[in-house]
Amino acid sequence: MSGEQYVAVVGPADASEADIAAAYATGAALAARGAVVICGGMGGVMSAVAAGVRSAGGLCVGLLPGDSREGASPDLTVALPTGLGEVRNALVVRAADALVAIGGSWGTMSEIALAVRSGRPAVAVGGWQVVDASGSPVDGVIFAGDPGEAVEAVLALPSTDA
Amino acid sequence: MSGEQYVAVVGPADASEADIAAAYATGAALAARGAVVICGGMGGVMSAVAAGVRSAGGLCVGLLPGDSREGASPDLTVALPTGLGEVRNALVVRAADALVAIGGSWGTMSEIALAVRSGRPAVAVGGWQVVDASGSPVDGVIFAGDPGEAVEAVLALPSTDA
Amino acid sequence: MSGEQYVAVVGPADASEADIAAAYATGAALAARGAVVICGGMGGVMSAVAAGVRSAGGLCVGLLPGDSREGASPDLTVALPTGLGEVRNALVVRAADALVAIGGSWGTMSEIALAVRSGRPAVAVGGWQVVDASGSPVDGVIFAGDPGEAVEAVLALPSTDA
Amino acid sequence: MSGEQYVAVVGPADASEADIAAAYATGAALAARGAVVICGGMGGVMSAVAAGVRSAGGLCVGLLPGDSREGASPDLTVALPTGLGEVRNALVVRAADALVAIGGSWGTMSEIALAVRSGRPAVAVGGWQVVDASGSPVDGVIFAGDPGEAVEAVLALPSTDA
């Protein structure tokens, strides 16, 4: 267990095909590099990242919103019911050293914001962006062109749990 | 206790003078209308909204990030330590029927995102905005020109706890 | 807000008439002494303590297990949905400086245990007791004969939030 | 991931040699039977159960109280910081289908109580016991003579996540 990096991969349950493909590739690449992956454990991007991790023989933990494992992705290595609803988004971020976000949704935005707020590196592939009152992008999130770039970026960044 | 609306007012600890003034005015106006106000209980916008609520004889609850009441705004009616760090942002949203955000920060953005995600009306006065990949504003947040407009908007909206 | 003591009063939803009467008296006595009371916000002991606090013009906060205020005691001053289920038991303890337990149940026992675990004074009126392998009572909880004695004890004890 | 049972094994950080040995044996036996083990991730019983699971090639998840993985048992398969302090006790219980408690402490008692409260089977090896006002043991916990008996009991019981 010592020395691995823990990376949260987050994104919408209601995801586009491109987001699904990017999530699968990100999971596979992180697992190939020895990172432990944490996700929300349900459908869409969450399920795709678990499948990608599994394809590379890695370890993927799902922190589920409900009280049971019903509806959890079958590709998770470990599925942990929290019963916290969307409060679990904060725990997905807390459990990880860094975050990759794929695609846009308000749940995903909450996780990006909590990651930046708590000093965890956050890398986005596609999805939404935050701008200030003058329309300029707000600092804090690193934008990557594709999953490979995102994985390189996130593993190169200093972890909060050195 | 029956029939009141509970409104979370959120915003940065490190706030501008304009945000501080808007927070005070929002707190005073919500209290004058009989709403219970919930905030994060610390400095900046949080402290200013508590002072505004107090000026109008209202009730303001602070959900504090730490284990103790150290650093809590002296104007809170009730100060509740949670020991949850930024996880308490999710509880500030959860405890309220609707949200007013004043000013921009990543913590504030996490609360806006969790409010929209969970179906609670979210009204913003100034601050940051979320745009999609094409640069168009994403639906979900109502923008108000000033505190009076924000309070009218938030109290007119259907509450999630009818 | 400065200087008050915050006392959690906990006990079963399915409570005896004696527990209900003790909870009401405890709430009234704490409010008369200026303490802010925190409870789980639902029926039985929780509802009775809120009614006692209200009878003495005090302030009672309910941290509710569900996502809404449905089923909350109408005598609460402030009713805060947490959506955390029994995880909110830990927050009831966390938010308070000390705890009074009235009557016995497993939920109540979890709150007593978390209070002692975290160094908060815990006073019990009736209810269950914890014994070690040899049958001897385990240190940590102060037993009071009646609500008046419990309130004296809990307000005399050093608070964790001095 | 489908079909496994998830069992929380809990007990004091400050544990006796007998408790340490029992925790190791319990972890090894649960892993040998294919269960996923969840624990608090730190020292004493927590660390011993992780070592036992590892000795049998199983999977052990630690839900840590702090913000980082500092002090986590090196034998955990997955170490997840929660930053929740003792609130994480409630999540250790929530994530599992059933619970084995080894040894006595107030933290351990909080986990036993939350397990029984939420309908999860709870089996104790040694440790403390709860009695009612008349001194009679309160129903809810199954007492096992040794780790082997505890593991048989806990795996035979109907899970809450069928």
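So that you can tell them apart, the chains are marked A, B, C and D in the order they are listed, and the count of residues begins at 1 in each.
Operating definition for what follows: a contact is a pair of C-beta atoms (placed from the backbone, for glycine too) under 8 Å apart; a residue touches a chain by one contact, two chains touch by 3 or more.
None of the values given here were measured: they were computed from a predicted structure.
Enquirer: Which pair wins on C-beta contacts, B-D or A-B?
Expert: Higher contact count goes to A-B.
Enquirer: Same residues or different residues where chain B meets chain C? The copies count as same if more than half of the interface numbers are shared.
Expert: Mostly same residues: over half of the interface numbers shared.
Enquirer: At what distance in angstrom does the C-alpha mean of chain B lie from that of chain A?
Expert: 27
Enquirer: Between chain B and chain D, what is the separation of their C-alpha centroids in Å?
Expert: Distance between chain centres, rounded to whole Å: 39 Å.
Enquirer: Touching at least two other chains at once: which residues of chain B meet that condition?
Expert: Residues 67, 83, 85, 87, 91, 94 of chain B each touch two or more of the other chains.
Enquirer: List the residues on chain B that touch chain C in their complex, please.
Expert: Going by the criterion above, the answer is residues 1-2, 6, 36, 38, 59, 61, 67-70, 72, 74-83, 91, 94-95, 160-161.
Enquirer: How about chain B: which of its residues touch chain D in the complex?
Expert: Where chain B meets chain D, its residues are 67, 83-85, 87.
Enquirer: Within their complex, state which residues of chain B touch chain A.
Expert: Against chain A, the touching part of chain B is residues 85-87, 89-91, 94, 104-107, 109-110, 113-114, 116-118, 126-133, 138, 140.
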